[in-house]
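Everything on this sheet refers to the single structure shown next.
Order of writing sets the labels: A, B, C and D. Residues in every chain begin at 1.
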Amino acid sequence: MVGHAFMGRAHSQAWRTVGPFFGPPLTPVMAALAGRDAGRAAAAARTLGWASSESDWKQLLRRDDVEIVDVCTPGDAHAEIAVAALEAGKHVLCEKPLANSVAEAEAMAAAAERARARGVRSMVGFNYRRVPAVSLARRLVAQGRVGTVRHIRAQYLQDWLTDPRSPFTWRLDRDKAGTGALGDIGAHIIDTAQFITGHALAGVSAVMGTFVPERPLPGGGTAEVTVDDAALFVGRTDGGALASFEATRMATGRKNALRIEVSGSSGALAFDLESMNELWFYDGAQDAETAGFRRIVVTEPVHPYAGRWWPPGHLLGYEHTFTHQMADFLAAIAGGTDPSPSFADGLRVQRVLAAVEASAASGGWADVEGSL
Amino acid sequence: MVGHAFMGRAHSQAWRTVGPFFGPPLTPVMAALAGRDAGRAAAAARTLGWASSESDWKQLLRRDDVEIVDVCTPGDAHAEIAVAALEAGKHVLCEKPLANSVAEAEAMAAAAERARARGVRSMVGFNYRRVPAVSLARRLVAQGRVGTVRHIRAQYLQDWLTDPRSPFTWRLDRDKAGTGALGDIGAHIIDTAQFITGHALAGVSAVMGTFVPERPLPGGGTAEVTVDDAALFVGRTDGGALASFEATRMATGRKNALRIEVSGSSGALAFDLESMNELWFYDGAQDAETAGFRRIVVTEPVHPYAGRWWPPGHLLGYEHTFTHQMADFLAAIAGGTDPSPSFADGLRVQRVLAAVEASAASGGWADVEGSL
Amino acid sequence: MVGHAFMGRAHSQAWRTVGPFFGPPLTPVMAALAGRDAGRAAAAARTLGWASSESDWKQLLRRDDVEIVDVCTPGDAHAEIAVAALEAGKHVLCEKPLANSVAEAEAMAAAAERARARGVRSMVGFNYRRVPAVSLARRLVAQGRVGTVRHIRAQYLQDWLTDPRSPFTWRLDRDKAGTGALGDIGAHIIDTAQFITGHALAGVSAVMGTFVPERPLPGGGTAEVTVDDAALFVGRTDGGALASFEATRMATGRKNALRIEVSGSSGALAFDLESMNELWFYDGAQDAETAGFRRIVVTEPVHPYAGRWWPPGHLLGYEHTFTHQMADFLAAIAGGTDPSPSFADGLRVQRVLAAVEASAASGGWADVEGSL
Amino acid sequence: MVGHAFMGRAHSQAWRTVGPFFGPPLTPVMAALAGRDAGRAAAAARTLGWASSESDWKQLLRRDDVEIVDVCTPGDAHAEIAVAALEAGKHVLCEKPLANSVAEAEAMAAAAERARARGVRSMVGFNYRRVPAVSLARRLVAQGRVGTVRHIRAQYLQDWLTDPRSPFTWRLDRDKAGTGALGDIGAHIIDTAQFITGHALAGVSAVMGTFVPERPLPGGGTAEVTVDDAALFVGRTDGGALASFEATRMATGRKNALRIEVSGSSGALAFDLESMNELWFYDGAQDAETAGFRRIVVTEPVHPYAGRWWPPGHLLGYEHTFTHQMADFLAAIAGGTDPSPSFADGLRVQRVLAAVEASAASGGWADVEGSL
């Protein structure tokens, strides 16, 4: 694993947990953690349960006991590490967004395609696909239970930048992070919405903004915020739906509200990550007298992933999505199949991000590259 | 009153009820109802409690016992009736949207301004301003309890056109209705959002669509739907907020979900007309340990309008908004003050509607006429 | 109508509204209002829309233009007025609880039975039966959609006495009110639960308490509170269900939360008067993957009463329950059928109240008189 | 650890996870798992991550590498194992309910008291105390933010026995389980309610019932259900509150709804385990205009336990409660302090269970032994 901050902690817990609960065909061994500072990497390895540490990620590629490279760094390093790892024959799990630019993402998708021919697998870490309620939503759409999708309304609302005294971090630096709310959390709702509906965004019209243009540095002084605090857009999908998206870190009081609603010709779905064990479903086939949105507590044995954990009504949390991700990745490697979402899926999201940026800059409509 | 369909019924109930509950300075007398078909107008007058009926609305203007004209017709007749009534010295309450075009709305606002100089009052029927929870929301914003408004997310979701067999009506005819979801329900969220926040939309970028282009006529055959089923847009306000709006009649399972969220620099608000007695408020000044959105049941004596009705916790319904409207209109007439929302307010909404249509047609950004 | 306080206002609004919306076979004329103080009765008649007033309710019985007597006084006067009115050949609508004692209620039920033989009708005002969601709940149970009822959990939570400085009123005086929370709001949940399920309470085990034993008098000084602030009991029904009831005026933050849940062998229902337009229904026949409580917005044309009012999603409020009550009462009088709930139904509730008091006093189980 | 069924899995996950997230002063080593069947115990040890296995729990007491014994067996074995382990100088964590009878629980509490004198620690596994929202609730009550507690309403609703075809298990056998819903889930709400409020139940009046008296055996035939399907009671606390409790496995549609509401003289709290990351708080000190129950998402750094995990808004699940339990237990052992809840706390719950059974059997009030 490369990186040991927030995502590194989440991934470590998933690697540790996937064995006892999913009994995967391949048993993961937490071999080595890489981080730029040798001392901090070693300390993180001890805390997070890795057997060894490296101060240069390239060392991981040379080690025979490393078969999977898990990329948890900021976005600017994704392309270099992931491409090198794939070329070294390591399976790669890369955090989202896939890259900081379409060009990088294209290079990565091409590398993944080449590696695939040699049986080397790759996957991008859109973990919210594996919230059981989100997986169930996709299943219901695929089964036709909402009919033709007509509307998507997707929001990812956080509030950790509401306070102007909140300090500057790498996530606010365009060079490191690419974009702000757009790439960090907007990427999640774009991928999740496309995953649930099976539609791809074809064109968008956007506004973006930065409400607090300068923030204090931890060591004193201030730094310019070079990314967006919020990005909003409307769009059309290749399946004829009209969609509305909003990603913001300025939604006071909303801590982690990834909300998606899908309106179809004969049904509807609603989800909120702040109540992540629930899926709301309106079944147009219900009798008129009792029709209504039903609150499904997605913890039944018939529900995706849920049967591996606890009895009905016993909730899962945030980190479980990563465990599910590792379980599916290991199963794909063992089974010689393509894990999903692929780097190509990651590229598709990257192209939507680029279209949003282009539209916000021009004030006009922007088609998503590569869509119909 | 002119017109006796859905709005006519709602207004009649309000005129009947305003006396006992609000004890207004002027006591309304339900003198006459006008409708094009003499027989149906007479029958409606009996059912709805009007003392007499007319088959030509112009007769109302000639009657001395008519001091107020309440316009409840489809939008294409608003301008002619309202302007004539104002010129005849009658106070006018006109249903929303004010008109079917900016030109008509401008003429009406000008007529209202002229009439005002003669002490003749006018008001446009954005009744949702007078939901107690909405009035309270505006009050809290005005008191500074959410700080600077940064985001507006507004949706008006209905589903009565989801079924393609749902018949053609005047509301689907561009000549009668002007636009579809946009003018009918989009106008409500535009006005309500502007009312709550005190911001005005300055520019928009929109998509509109018609999912069912043809519908059955009650008498057989079909007719082309010449208005939108749905309109979505993002925009910027004159106060620097980023906003997202969606009006649709295709949101399966949502019956009447006018939902508005406001995110400010130090607080937030959320409202849903399907739970119209509740306002959700996040107070950024709360201690961190217990901060959360609070569900205010807006039925306390200190809340707008509520003290006139029942004890705390006893809910109000849809029609009460009209009673509140009549109470405030009568108070303004009696007090010689300007009722709100004015025809000028209605014109401002009309200009947003026009900008949305222009943007959806061009695929580009459209400034709202008359805004900064 | 006798009485012109809170209930008098609510009933007046209902008599005024029932005509336009329900077009009943008999058109009510608001002839006369009776109240002990001549001046206040006359003023109330003007405000509430009654044509005349009387300072002695006995005058109403002598008037030929009075065909219905609507009893809205405190409970200690119910028996005398209702029995006299029935004997005078007037149809009687009497507020709940039917009386302050079982003996009074028995006398009233007997008088009702005698009057019925002469075509004179009577009804007790358990208005919450006519919340559309409650009527729908009963309909679903009757249709077998929850199977055999196994559990009832009913609560009526208010908080208007939480503050010890809240003044003394007749509702806190045992002589006037009979009991406190038990008879005032406990009677409602007992009746509503029995109505929905079709079960009758057979025996109970109760605790009651008064948290604030003395309260200030409006004119100075204090008075002893001689009724309960809260009454809780568990019980068994004649249908084999286990039930839990709580009525309290001390539930800080709950304004008017009449909450009922029914668990059946193959389904369940939940209702909260603070969201009175919603019924939650769990249908055990749903497929396992999408099973969940569904939120029914009870405003569809197929729902009880709702079709008489507004389009789907347009909410009704507290006072509408009274309008529904009047509509059904008028229909029964015109049709020569027995309105429901009858005085006998009121007596049954009274017997449960008596059993609760007996159990709380003795600390033991108390059977409900007259049940199996 | 003794036992490797549902609770064994949950505890194993907690022992595995406590290190990386809580960095406890003592690092747990998962040394040995005991189970009656040697083969199944060995397999479970492998799956759940234990280094060795034993087919006799007594072997654990003889091993020097075992310092803590974690008792996850059915209730009938708790007393023997726990007492022996304490006498052997092992710290003991024992699942709830502490025992199947008051006599056993008394013996255990006495053994715990003796062991304590020698520095040997014991704790009973009421894990729901360590849901962050529940811990926060207790903190708010202790800070006086709800005032004097007047009402407790507690329900633990499950539905896994709704279907009469659901098979017989040890949980339905009085000899193994002691009681049914009462001891299994009723014990949880009794402990949780007492924990939050600081009150102890002083007396109760109860009803219990078994709706399905016979159930199929997995191998064919049927067995008699000798425990309760549901237990309901009202009661008084030593602090003067009136309380209502219901534990049932027959609440169709409720999967794991442990719901607790507390009404105090100046505030209120509500919790539902099906939304376990939320606490609802009504603060009586709020201004009247914005007073309302607030939904606290209990994932902030200032909240109990939450800061050890993920950023705000990232939810925790069922199993985290066990991790918190292990963290606190290890901290108490290392610090030489008494962990909580103690065996004495477990005994207090056992005495309430006994009073409930006694009351249900006699139909009368039953005082809780040892209370005031």
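The definition used in the following text is that contacts are C-beta pairs under 8 Å (C-beta built on N, C-alpha and C of every residue); 3 or more make two chains touch, one makes a residue touch a chain.
Source: prediction; values computed, not measured.
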State the chain with the largest centre-to-centre distance from subunit B, centres being mean CA positions. D
Reference interface C-D: repeating pair among A-B, B-C or A-D with over half of contacts shared: A-B
Chain centre separation in whole Å, for subunit D relative to subunit A (CA means): 36
Hey, how far is the Cα centre of subunit A from the one of subunit C, in Å? 54
Separation of mean Cα positions, subunit B and subunit A [Å, integer]: 40
Would you mind listing the residues of subunit B that make contact with two or more other chains? 254, 291-293, 297
Quick one: in the complex, what on subunit A touches subunit C? 136, 139-140, 145, 281, 283, 286, 288-297, 300, 302-303
Interfacial residue positions of subunit D with respect to subunit C in the complex: 146-147, 150-151, 153, 155, 157, 159, 162, 205-207, 209, 211, 230, 232-236, 240, 242-244, 246, 248, 250-254, 261, 263-268, 282, 284, 291-293, 359, 363-365
Spell out the residues on subunit D that touch subunit A in their complex, using ranges where they run on. 6, 9-10, 12-13, 16-17, 19-21, 23, 47-49, 158, 160, 254-257, 273-277, 297, 299, 309-320
